Amino acid sequence: MGELCDRQKNTNVRLSLPAVCIVWQTAMIILFGVFIRYNEESSPRWVEYRKAKNISSDIENDFYFRYPSFQDVHVMIFVGFGFLMTFLKRYSFGAVGFNFLIAAFGLQWALLMQGWFHSLDYSDGKIKIGIENLINADFCVAGCLIAYGAVLGKVSPVQLMVLTLFGITLFAVEEYIILDLIHAKDAGGSMVIHTFGGYYGLSISWMLYRPNLDQSSRLQGSVYHSDVFAMIGTLFLWMFWPSFNSAITDHGDGQHRAAINTYLALAATVLTTVAVSSLFQKHGKLDMVHIQNSTLAGGVAVGTAAEFMLMPYGSLIVGFCCGIVSTLGYIYLTPFMEKYMKIQDTCGIHNLHAMPGVIGGIVGAITAAAASESVYGHEGLINTFDFEGEFKDMVPTRQGGHQAAGLCVAICFGVGGGIIVGCILRLPIWGDAADDNCFDDEAYWEVPDDEETFPQVPQYNNHMRNKDV
Amino acid sequence: MGELCDRQKNTNVRLSLPAVCIVWQTAMIILFGVFIRYNEESSPRWVEYRKAKNISSDIENDFYFRYPSFQDVHVMIFVGFGFLMTFLKRYSFGAVGFNFLIAAFGLQWALLMQGWFHSLDYSDGKIKIGIENLINADFCVAGCLIAYGAVLGKVSPVQLMVLTLFGITLFAVEEYIILDLIHAKDAGGSMVIHTFGGYYGLSISWMLYRPNLDQSSRLQGSVYHSDVFAMIGTLFLWMFWPSFNSAITDHGDGQHRAAINTYLALAATVLTTVAVSSLFQKHGKLDMVHIQNSTLAGGVAVGTAAEFMLMPYGSLIVGFCCGIVSTLGYIYLTPFMEKYMKIQDTCGIHNLHAMPGVIGGIVGAITAAAASESVYGHEGLINTFDFEGEFKDMVPTRQGGHQAAGLCVAICFGVGGGIIVGCILRLPIWGDAADDNCFDDEAYWEVPDDEETFPQVPQYNNHMRNKDV
Amino acid sequence: MGELCDRQKNTNVRLSLPAVCIVWQTAMIILFGVFIRYNEESSPRWVEYRKAKNISSDIENDFYFRYPSFQDVHVMIFVGFGFLMTFLKRYSFGAVGFNFLIAAFGLQWALLMQGWFHSLDYSDGKIKIGIENLINADFCVAGCLIAYGAVLGKVSPVQLMVLTLFGITLFAVEEYIILDLIHAKDAGGSMVIHTFGGYYGLSISWMLYRPNLDQSSRLQGSVYHSDVFAMIGTLFLWMFWPSFNSAITDHGDGQHRAAINTYLALAATVLTTVAVSSLFQKHGKLDMVHIQNSTLAGGVAVGTAAEFMLMPYGSLIVGFCCGIVSTLGYIYLTPFMEKYMKIQDTCGIHNLHAMPGVIGGIVGAITAAAASESVYGHEGLINTFDFEGEFKDMVPTRQGGHQAAGLCVAICFGVGGGIIVGCILRLPIWGDAADDNCFDDEAYWEVPDDEETFPQVPQYNNHMRNKDV
């Protein structure tokens, strides 16, 4: 089959892929050499810094506040996103392997892009990095991995590298606009990560619409074991989401509260997802697609408000709604979008990231607008919303408006950026597969033969053995 | 096959499952709205609280003492328990999926039940939650997941929701009696979690005895890959057990010592499990069932004594014995119980949780009774056993007695509660599968067809199929 | 097949394996009883110790500095190494199961061996252990697991226990010589762990050369799902490597910097691995063997220098080179070594551990030699390189020489120790498999039959098959 398609359409990336990897990695080395340095907490000068600031103990190094959350986020990026996409029967290598590739490239480029906007030390023109930069780089990468979910199985690794290069760039800009200029808060990235990433991927998928994709329909489903592999991704995303939403929030109560809210929202989502999945299936049987994806929608939707006083019951309500919305999205919206809007969304990221992300942005705006000193306390309100410096006159209601503005920016960047990048990816030079050869690892991977998996029945094995020896 | 059984016995949960999920989740939202609030460490008032208590740094927020352990426990609950049960050839969806469902519901109900008993702020009648409550909720859920192991593949998701609702309730009550009234210590829950959960599940399984279960025997085994999936569960449980036993112990040496003791006990268990497994098999071949389960018994059995001065060699001895007892249990006791006691224990939780839990309770009682100021130091003894307030006159020997009393309470609640809940679950309204259709995901899941996994060599497949149809 | 080989060569370990496990575990208990105690941070005397040293908070207990990293390292040892080796189509049980067995034994023996050299309290002749000892024990075990990779599928569990007993012993001695006598620094163990472990395994494999191993060639490949399982190991190793290299470095900036450097090196390795893998394959298709293994080489190679001022771009350069070297090693060196040097390296540890380890040692020597007060600051230089006590007159250039000396010691111990242990393992008493029965779980495991995995209706399958064939 692989051979067949090579004749029809050339998926040979033997020159383009190595070239892109080597050139871009070399560029990273040069740019890191020019710009990236350790910050005062990760350089040997920490000892002197500590004394100068009279910090009483090494344990107050930001590393100890954020490293455990960082590692959890790291697992979500590589195992979570990677394995969530292994559900296809013959695209597990591409799912976990290309996820690995673009994440590893993306985080380097993200350190630079985000560094220029947020961590540039104007005294010497260097970017000073610490653990928080690594977390933000992982976040930035998440946006592109979400986009990958929409085009899973339909693009070449070279296209993915391009998608990531532009995705990271767009991300850093919209993040700077939303967080710094507009002064919206978005701890868990409902807007900055999920809304942007979702619409970015959907727009690209729309630009790369394949009218004859049904020629690959035989490979578009899952098999028993691939669904179990996908559950590994689902569960690691689900379990570590509290770390995702609390990783860069304020020390102390900020991280504490964000973790609690996320934990609760996700729990509620599971029940409503199961309810809707069962209710809308023949014989009330559960659909693995819903369990694997919609159960995560609650984590996306509390991303913005997780650090606010959303209240435990508020988190449950958000989770409750998202489980329903997301599952219904898989049942009705995804087929509709494919049929009438020419958007082929392989993993249904619209239901898992885009919609819940928008809900999260709205929830965040409302929660912010409803904030008050009576609930947060005087200092608490200032700390939580950073009503300091140029924003010291900011009030909750206006903050709500800024949150809403931030959401719009995220959507615009996602859609606009996706369309532009989609145009670039339509060029016939990227080595993507033919319509009848999508969702197939044969195109880009050396795939082993599977006969030997069941070596009972001697005569069969002998037959095989003659073939491979 | 799925179709077939639908005619014989109705496994259609299309109305009951969604109804239960929606109703219970709605109830949770209302109860959380009425009762659950953030505690002083997770609310924005933390800043003021810190100053009032003059706590020098945010790092002393309990979040930083317990969050890493919490995340490890969380992984044990969802990936550990979930994947440990995926060993059956055609019940992996049910294992990991229903584990996910009942854990997500259970932790919400646990926050309420345990909150009323332990975290109720009498000043305003609210339950104030922080990271420690999340850990305890996960612990509480563990009891029900253990019980699920006994009835795996034989009950419907609706029955599991009922099992969990009552299980959490019973757990919170027995936990309150054992820890608060009797003042027994049980950091890792050998008694409170494992003994209770084990006997709760076994009693339910006894009440739900299926005389003709052998009609499903074709599905009761594992396949090669499902055994590898189960090892994912085993290893995450094994690796993170030190976090489980140290998650809620005292700050400082308490958590430190509990982690060390658990680490050592588990290591010893692995060797004796391998020894017994090999010794009792034809040709000395190892049995995956033992490696997957008995290697964990040591962690269960040091649960109570982990925070005491069990000493490193003491931990090794406990692990040594449990590996032997648990493996022999799988070889002799499980078949015996099925044949003569009408207890069908799918995962052998009696060998992994119930027996080691009882051993753990006894070890805890002995270790407590043997405690002395010469070993613990004056303050150390008081801190470790909380000989304060109304218990300031307590002495180690008497503490030993209280530990033993606690163990009895756990057993009684497990057996008694299991019988009552078992009666309820025998009602013919729950949509459980027929005897010839147990251990089969077809009953409750949309299961994909597996042909595409091996598109090679048709004749072989046909040959095989004639054998199994 | 299993039966067949039992007649040819006896793989029955029914007496030897249990005997070794029980005897050695009993010895551990006795030795722990005589030697191992809790240190001041894990004993109840911590409360008094704290006051004596006036440590302001429990959070300054070393447990909170290192426990999260410890758990990550623990995952690397059991899931990382275990699953990385599951790639063989019929040796997944042996890969993950025997890895589990020897790691559980090894860490106990390591606590004793390393304790005698590093943690012996001369006042009472006891070894005082805390969290750092557990991490070092895991490190020590890593050396033996690396060696296992070279002989995977060709040795019996009894041989593995012997390999581990001697491996741990040799490790503790060479570690003492390199770190304490020579005063080389090796935070991530490029020399102490990877170089030693790699050459130890390769020498043993050379001693156990099997001229007719091609008789097992039918089992030497992977199958689709086994490659996905192996990716679980790869990713957990890759993600947690920053914890591995920073687990025992200095509190504060030491751990912080080591994590950053490792994170960056690994990212760069992924891109060059993909580039070389694609460039050297027919049609530019990627080879899973390279993605599973070579992507980790960067973590190995920054092990020594991770805590130094390697600089972010320096880390990228190291990763860049190692991805290329390691992948080319799999393509050219491994076949060459098998054909002309009689070294059969099942997992290619020479490319993943030995070579990158040597590179890491050299990088460490250069980075140390290049250190200066202008970069590290006066105190920073002393802290980073421990220029204290008897080494207070040490200078960076000389430190570089000591680093190089350390590398040589590691190689000598690896090669020498491997040859000696290899001789022992050649004795005909260990129950290893015949040449035509290697890489087969049948020899040491009860393997389930796999028919039931596809219980669907024949005619439908044929219909399907006609469509895709």
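We call the chains A, B and C, going by the order they appear; numbering starts again at 1 in every chain.
In this section, contacts are C-beta pairs under 8 Å (C-beta built on N, C-alpha and C of every residue); 3 or more make two chains touch, one makes a residue touch a chain.
These numbers were taken from a predicted model, which means no experiment stands behind them.
Peer 1: For copies chain A and chain C, work out whether under half or over half of the interface numbers are shared, and give different or same accordingly.
Peer 2: different
Peer 1: What angle, rounded to the nearest 5°, describes the rotation that places the Cα atoms of chain A on chain B?
Peer 2: Value: 120 degrees, nearest 5.
Peer 1: Between chain A and chain C, what is the separation of their C-alpha centroids in Å?
Peer 2: About 31 Å separates the centre of chain A from that of chain C.
Peer 1: By the touch rule stated above, which residues of chain B touch at least two different other chains?
Peer 2: Residues 56-57, 59, 64, 68, 90, 224-225, 232, 449-450, 452-453, 464 of chain B touch two or more partner chains.
Peer 1: Flag every residue of chain A that touches chain C in the complex, lowest number first.
Peer 2: Per the touch definition, chain A meets chain C at residues 2, 6, 11-15, 17-19, 21-22, 24-26, 28-30, 32-33, 36-38, 41-48, 50, 56-59, 61-64, 67-68, 71, 74-75, 78-79, 82-83, 86, 90, 92-93, 96-97, 100-101, 104-105, 107-108, 129-131, 134, 157, 218, 224-225, 229, 232, 444-450, 452-456, 461, 464-465, 468-469.
Peer 1: Which bits of chain B are touching chain C when the two form their complex?
Peer 2: For this pair, the touching residues of chain B are 1, 56-57, 59-60, 64-65, 68-69, 72, 89-90, 218-219, 221-225, 227-228, 231-232, 235-236, 238-240, 242-243, 251-253, 255-257, 259-260, 263-264, 266-272, 274-276, 278-279, 281, 283-288, 291, 295, 309, 311-313, 316-317, 320, 375-377, 379-381, 383-384, 449-453, 455, 458, 461-462, 464-469.
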